[in-house]
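Look for subunit A in each of the two complexes below; its partner is subunit B in the first and subunit C in the second.
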Partner chain A sequence: MTTHWLPALVAIPIAGGVLVPTMSRRWAPAWGFGVLIATLGVALFLTGLLREDTVSYAVGGWPPPYGIELRFDVLSTFAVPIALVAALAVPFATHSNEPVTTPEGVAVILVGTGGMMGFVVAADFFTLFVFLEVLSISAYGMVAMSEERGAGLAAFRYLLMGTVASIVILLSVGLLYTLTGSLNMADVGQRLPDGGLPLHLAIGGLAAGFLLKAAVFPLHVWLPDAHATAPSAVSAILSGLIVKMGIIGLLRTPGLEHLHELLIWVGAASLLAGALFALVQDDLKRMLAYSTVSNIGLVVLGLAVDRTGATVHILNHAIIKASLFLAAGAFIHRAGSRRIEGTGRSMPLTTSAFAVGGIAAIGIPPTGGFTGKWMIVLGALEAGRWGFAVMILLGAVILALCYARFVVVVAFRPSPADREGTSEAPLVMLVPIFVLAALSVGVGIIGGPFAAFVGK
Partner chain B sequence: MESILFEIVPELRLHLRFDALGVLFSATAGILWLLVLPGPRRGRRYEALLALSFVLTLGVGTAGNLLTLLMFYELLSLAAWPLIIHDETAEALAAGRRYLAYVLTGAAMLLLGLAVVTLAAGDVGFGTRVEVPALGIVLLLAGFSVKAALLPVHGWVPQAHPIAPAPISALLSGLMVATGSFGMIRLIQVMDPPPLAILTGVSALTVVLAGVVATRTDHLKRRLAWSTISQMAYVPLAISVLDREALAGGIVHITHHAFMKGGLFLCAGLLLHHLGIRHVSRMGGAARRMPWTMGAFTLLSLGLIGIPPLSGFVSKWVIGAGMAQAGAWIPLTVLLTGALLAALYLMPIVHTAWFDPPPSEGPQVDPPPPTLIPVLAAAAITIVLGIGAALPGFPLALARAAARGIGG
Partner chain C sequence: MTPLLENLDYAATVVLLLIGLWTVLADSNLLKKLMGLNIMETAVFAFIVTSGMIEGGAAPILGPDAAPPFMAPIPHALVLTGIVVAVSTTALALALLLRVHREFGTLEIDELRKRW
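Then we have the complex of A and B:
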């Protein structure tokens, strides 16, 4: 099946982003929101088509494997959380005093969204690389926008490490091209040699690059600073969406089965290390950032034992982590600083949403965090890897203690004397938080059919 | 009655079921929650979570398969946590941390056990019997024993129960600990357990050791918490005998104990609130100041020890008869030792309160009727459930029906 809506999925946000600077400061957020909602509509439409068949589009009419091909398959359904989270982040940010909804900020978010859309629908490795750069450079910009102290340094460090990853990925793509004579993913998959050093180098290079982009321990060092210093609306995009691109890249990597043994160990290390680091953080956003490292570890482990479970988990975790970062942003907004002790006392709705998000992040049924985690645990047991199943559950226990700790901080600690009379977050923040929190439970309740759809 | 709901993970559905065991548990929860509702208002957070915990307890009672049971069970663990730390003191927060560490580790074991069982047998509904690897059952039993407060994983009880507000202590002791035992009963309903000698040993040890510790504890609520550990270990002890009558006794003991211990904790709360008494050694003459409260306390204590015709006697008699029938003499001895210990840690309280001179004379300060009624109601329920035990529709009849459904 083919349709012009597929390139539109990429073109709408990028064109929208390019046009923002022509607009007045007042209208930029509204424009950004409108463009992202339109993108969400297209993403939902394409996901609907997917029930019948994969959608493929030959750019410029050149048929694959010779021309550039865009493909909307099951992995591309990630376009829906991308558009949704980005769309909700924009109105959320209008009310905070962080400089996200300036025309420049909106432009970067729109172009970054377009980059992610291109990344998830790219069907050849070179296009994949190009969109990876588009989204990565937007991400560096999103971090640099922050007015927090140290944001510039965090963005620069992110840029340095991200660029190393990009170069390694580009080299590996080149190596794959010389090995197979093709760039089209399906084509490369068929022409892949059975073994040999060049193949292992190419696959290993792709995996290493994507693992760095996904912030897997010990390649995660750029993430906590970048995610914690960025404006909260941006942190939701970074932690919910952009690190997941590394995982989607891994899922697109051919011959990944050669690396299963590596992935399962790296994943387990990241899972536990992320959770343990999260346990000692005193800042909510840094804790959430390390919790992302832990969840990415779970997914990487899952790639080796149950790909469907891993895919389900990145989709669900995108929504869960975005809702948590937005809730954190609301606390910080009302507290006026990073010192959020006791803010939850006057913000019962935000606190409830945060608790729901925490329960989902830990993976208690029937939330969205449970589905993928359960499938990965079952996969590990089925593969006879007992120790890893135990590690996953141990990681969940540690994360639960992390979230409980911050529930205590916001709702059970006294608020400082100089900050009496805070009130519930404004509606424009509450609605995005609640939409995402409700979805984190909703996707869990339909977890069975959802996993069946993803596993098709 | 069953109803099958959402498929939340591939091939596993949420599943509700209403059977004798679930009805008895849910009804117990409903009445106990009514008893803890009166009293000072404690704010929105408290009221909301109290209501949520009730719904989740009903969920535990009406769960129709293992997944649903574990789901409600774990959500209940989390919903109870803010209630335990409601007073926001440093002690309460520390107790909360310890509680979470214990119950979450238990939850992790349960999930792992559920995964093992699911791989072997698929969706395990409570209307069927399945063959599963022993490892799965062991993991599940170990997970449930954290809430059931068996030694050596009882550590959260003596810390969390005394620190929580009195109504929450009543619920924790009355039902939270019982959810663990309830889970164990559901397990043997669907799967043939491996030889349960370890469970017998562990629960026997728990009955005796916790009872001994209770006799040596001066803090009133902590003594009651140790008593809960000791008394609730009767249920796994009864389960491990694998006799139908003993099992019925164990099931009915959950209900009977819930009202007796819930009532005792409410009394302890009233003593603290009106007389400022926390320790047994300070209770001299308390009964002269609060005759109604201490009257109920005395009656509930006698019930817990197992004096006929109170409800505590009925459950112990049925458990004991079952054990004798099955020729399980060691558990029977433990059962009687537990009752003796209960007398040793409860009767001194009663004696001090009635016969020792008060440190200072004062007017009678029995609380006003709205707060006194729940305590008296608990005492009345203890009498009614004891005298009317044989009536149809009473807990014992339901428990016997439930035990018949389980076999043994």
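Then we have the complex of A and C:
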């Protein structure tokens, strides 16, 4: 099946983003929100088509494997959370003091969204690389939007690590091309040689590059600074969406079964290390950033034992982590600084949404975080690796401590004496937080059918 | 030794890549790290371009009658796109370095750690 709505999914946000800098400051956020909602509509329409068949589009009319192919398959359904989170981040940011909703800021968010859309629908490796760079460069720019001292340095370190990853990925794509004479993913998969050093270099290089982009321990060092210094609306995009692109890249890597043993150990290390680092953080956004490292570890482990479970979990975690970062942003906005003790007392709605997000991030049923985690635990047990199943549960216990601690800090500690009485977050902040928190529970309630749809 | 000599061009790109990677990891100046990144990028481009040159290869459309040597066109197209990406990354990185220098007054890692 083919439809012109598939290239439109990529073209709408990028074209919309390029136009924003010509607009006035007043209209930029509204335009950005409108463009992203339109993109969300296209993504939902394409996901609906997926119930019958995958959608394929030959760019310029050149048929694959010779031309550039775009393909909307189960992994591409990630387009829906991408459009949703980006769309909700824009109105959220209009109320904060950070310069996110200036025309330039909105342009970066829109182009980054377009890059992510291109990344999830790319069906050949070079297109994948190009869109990876579009979304990565936007991500570096998003971190640099923060006016906090040191944000430029955090963005530069992110750029350095991200570009090393991109170079390794490009080298591996070149190796795959010399090995198979093709760039189309399906075609490369068929022509892949059985073994040999060049093949292992190519697959290993792709995996290393994508693991670095996904911030797996010990390649995570750039993430806490970048995610914690960025404006909160941007942290939601970075932590919810952009690190997941590394996982989608891994899921697209051919011959990944050669690396399952490595992935399961790296994933377990990241799962536990991320949770332990999260436990010792005093800053809420840093804790959330390390919790992302832990969840990415879970997903990488899951890639080796249950791919469907891993896919389900990245879809759910995108929504959950975005809701948590937005709630953290609301606390910080009302507190006026990073010292958020006691802000929750006067913000019961935000606090309850944060608690719901925390429960979902730990993976307690019936939330969305449970479905994928449960599938991965079952997959580990089925593969006879019960030690890893225990590690996943242990990681969840540590994360539960982290979230419980911050709920206590926010809701029960007295606020510092020098702060005036705070009030509930404004509606433009509350509505995005509640939409995401409701979804992170709702997707869990329909967890069975949802997993069946993803597994198809 | 023979496989290495036969693939001297590939070996050279690997050496260049490692020089770049070493600069990125070990140099204490942020600007030099960025230059290391550019060296790495150049190494990968050189690798992809040289992979398009196969001795005794035939041209796909012109057929066996056309006079060699030939270069495969796809690697060239890839590298052209790659260069565009590398230039944009470098431009953004330089802009970020300007900001770092304005905020901290230095680009040396050791100094930055003290002034953070």
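Annotations for the structure displayed:
As a working rule, the second predicted complex is superposed on the first by the 456 of 456 C-alpha atoms of A that agree within 3 Å, B and C clash if a C-alpha of one lies under 4 Å from a C-alpha of the other, contacts with A are read in each partner's own complex, and residues count from 1 in each chain.
Everything that follows uses one rule, which is that contacts are C-beta pairs under 8 Å (C-beta built on N, C-alpha and C of every residue); 3 or more make two chains touch, one makes a residue touch a chain.
As the structure is a computational prediction, the values presented were derived from the model and not from experiment.
Of the two partner chains placed by the overlay, only subunit C lies in contact with A:R149; subunit B stays clear of it.
In the superposed model, A:V428 lies in contact with neither subunit B nor subunit C. In the superposed model, A:A452 makes contact with subunit B only, not with subunit C.
Contact with neither subunit B nor subunit C is seen for A:V280 once the two complexes are overlaid on the shared chain.
When the two structures are aligned on the shared chain, A:L160 is found in touch with subunit C, with no touch to subunit B. When subunit B and subunit C are set side by side, the one touching more residues of subunit A is B. Shared contact residues on subunit A (touching subunit B in one structure, subunit C in the other): none found.
By the touch criterion stated above, subunit A contacts subunit C in their complex at residues 126, 130, 133, 137, 140-141, 144, 149-150, 152-153, 155-156, 159-160, 163-164, 166-167, 170-171, 173-174, 177-178, 183.
If you check the complex, the residues on subunit B that touch subunit A are 6-14, 44-45, 67, 70-71, 74-75, 78, 81-82, 85, 88, 93, 96-97, 100-101, 104-105, 107-109, 111-112, 115-116, 118-119.
Residues 348, 359, 364-366, 370-371, 374-375, 377-378, 381-382, 389-390, 393-394, 396-397, 400-401, 404, 407-408, 411-413, 444-449, 451-452, 455 of subunit A are the ones that touch subunit B when the two sit in their complex. Those residues of subunit C that touch subunit A in the complex are listed here as 17, 21, 24, 30, 33-34, 37, 40-41, 44, 47-48, 51, 74-75, 78, 81-82, 85, 88-89, 92-93, 96-97, 99-100, 103-104, 112, 116.
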